[in-house]
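Next up: some structures, all given as structure tokens.
Same chain, two partners: chain A is paired with chain B first, then with chain C.
And then the complex of A and B:
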């Protein structure tokens, strides 16, 4: 039981990394998706290139690059900050693709209707289309967030004291190489299952606030 | 210029690492995909106990981070009397993850096969097994190809986690060069470029396959 509680104490750190990097991604995904759908070919290509690069490099390599690479000249950077920043960068790309799917789910008639009312492009996007894209994107974003929660376990490699880090420490201390990791797996499952229920509930509530 | 200085001397080592990564990813997919198909069939069967057991297994496999799975297989199994090399451990751990994830992708594909086709096959007097084998599986798997390719890109990236069990794949090779030369930024940029050399073309290929398959549906 003591071992379980010790490992469970890593949950806040894991949640902090997940929530903070998802928030970064939700913000950073907006300019990326706007660039991806821009009228200008150059901008579209730059955004596409950025998205592919961010998604194409493993999270672990991003963390090492940021923490050991850039971090060596930025001494103020902690391992926790590096992992939030690294996973946040990757999330920007994934969220941009999720928003893109959401944008295409909003019918073209709404653009036309808003334009017919004399709204300019920017206010159609921010007042009519944008809010609905957020709602449509919630299920995919929640699925991504749950995946991110599990991906956040890579932070243990640079010394962030999350669930897996504590499990590893316990396995060194107790010389038991199996139980701590099984407990860690269990803890991840315990926290992902309510997250999945929560996202389904949120989705059901927001679904009827989208015009089809 | 010093940023690129040692790239030519690191390149062969990193390329060897990349080859290990590709092999681990390939073996995981080879073992994991058939298991994923079995799980997909199991989770859509009418027999309730089987279905629940399979869904439980899939949820366990998807709920557990691949990194935790790897630690269990590599560090945990020896205490249960089964010692595996780093390469085999990585392939097995990622194959388990692959099976759990692809079973959901394949289940989606199987469900996308129109129910009318199954009914038509039944009306023709085909056995359930034949319906599955000749009607549902070939079409369902085909629908699932683009998301499966997307997953293959992810599992290729996941192989970087095998750094934690000292498998000499791309990330561990880059890390060991970094720790002896203290030029982490430079070596990890090169490693990242090598990962991109695999992931970006595959991603473009996935898009093309997706567009092509969409024409026939």
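And then the complex of A and C:
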């Protein structure tokens, strides 16, 4: 029981990394997807390059690059900050692709109706298209978020005291290579399953209100 | 140009407008004038370019050549169209689509209010008040807080009309407004349109509703293959079409 509580104490850190980097991704994905669909070829190329680079390099490599690479000259950067920043960057790319899928699900008639009303591009995006894209992106974003929660365990490699870090420490201490990791698995399940329920509930609620 | 259009101040004027999609010329050198308060009905077989022509009027389709004037805003297809001109032109021309295109994430009231706030700069309270009045006018005051998808097709189209009217346009463009509706639901939309016509709104209606074109319209335009075959008072064309293709089309739609 003591072991369980010790490992469980890593939950806030794991959640913080997940939620903060997902939030970064949800924000940063917006300019990326807008760039990806821009009228300007150069902007499209740059955005595409960024997205491919962010996604193409494994999270672990990103964390090492940021924490050991750039972090060595930025002494104020903690391991926690580096992991949020690294996973946040990757999330930007994935969220941009999720938004792109959402955008293509919005019918041309929505753009036309808003344009015919004389609304400028900015209003059309922020008031008509954007909210609908967010709405249709929820299931994919939730799936990504749950994946991110599990992937956040790479943060232990740079010393963030998340669930896995604590499980590893317990395993060294007790010389038990099985129980701490079984507990870690259980703790991850305890968070991921309600998250999946929550996202399904949110999706159903919105669908119910705005039947498509 | 018809008799009535000559007497009234022109609200819409198209001069030699053409639109091509690839090698396909969809609108072929069309010149057309619609006078103030006129109800112009555009009829013709499918693929005639009726909808494309209508969409050229508010520049949802950019014509390849020609000039378009709506109220006092002149747009030349050959030149870069400024954002200001475009906004001004669209403000004066409200549009109603075949598939309604209401915003599904907003309540009925907010659907009507949004553009007022964004385009006319009205405050939310004022916009919502105007919207409530307009919804009342199309008989849907009780639907204000519903979401569009909870409304029938006929109701959605009436909401779309209210949404377009909210910007106080000088002309209303209707793109087959009843084609996606059951005949009965179409009637309630036609009734609202008829009321608008009686109140003196200038309207351009692409339609397959011959009865409406005949009874409400005062300017009938028959199109085929991207060009205007003939135009004039509906009664004249319905009783004595000059063109063989018109006769063929009218007998197909009227004698079924």
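Keep this in mind: the second predicted complex is superposed on the first by the 207 of 212 C-alpha atoms of A that agree within 3 Å, B and C clash if a C-alpha of one lies under 4 Å from a C-alpha of the other, contacts with A are read in each partner's own complex, and residues count from 1 in each chain.
Note that contacts are C-beta pairs under 8 Å (C-beta built on N, C-alpha and C of every residue); 3 or more make two chains touch, one makes a residue touch a chain.
Since we're looking at a predicted model, the values are computed, not measured.
**Student:** Who does A:120 touch here: chain B (first), chain C (second), both, or neither?
**Tutor:** second
**Student:** A:4 contacts which: chain B (first), chain C (second), both, neither?
**Tutor:** neither
**Student:** Could you tell me if A:176 is touching chain B, chain C, both of them or neither one (first, second, both, neither)?
**Tutor:** first
**Student:** So, does A:58 touch the first partner chain B, the second partner chain C, both, or neither?
**Tutor:** The answer is first: A:58 touches chain B but not chain C.
**Student:** Would you check which partner chain A:132 touches, where first means chain B only, second means chain C only, and both and neither mean what they say?
**Tutor:** A:132 sits against chain C, while chain B stays out of touch.
**Student:** Tell me the contact category for A:110 with respect to chain B and chain C: first, second, both or neither.
**Tutor:** second
**Student:** In the superposed model, which partner reaches more residues of chain A, chain B or chain C?
**Tutor:** B
**Student:** Within their complex, state which residues of chain C touch chain A.
**Tutor:** 58, 60, 83, 87, 90-91, 93-95, 97, 99, 101-105, 114-115, 118-119, 147, 149-150, 160, 163-164, 167
**Student:** Where on chain B is chain A touching in the complex?
**Tutor:** Listed in rising order, the residues are 59-60, 63-69, 71-72, 75-80, 153, 157-161, 163-164, 171, 174-175, 178, 182, 184-186, 188-189, 191-192, 195-196, 199-200, 203.
**Student:** How about chain A: which of its residues touch chain B in the complex?
**Tutor:** Residues 52-53, 55-62, 64-65, 68-70, 72, 150-151, 153-154, 156-157, 164, 167-168, 171, 176-178, 181-182, 184-185, 188-189, 192-193 of chain A touch chain B in their complex.
**Student:** Quick one: in the complex, what on chain A touches chain C?
**Tutor:** Contacts found on chain A: 107, 109-110, 112-120, 123, 127-128, 131-132, 135, 209-212.
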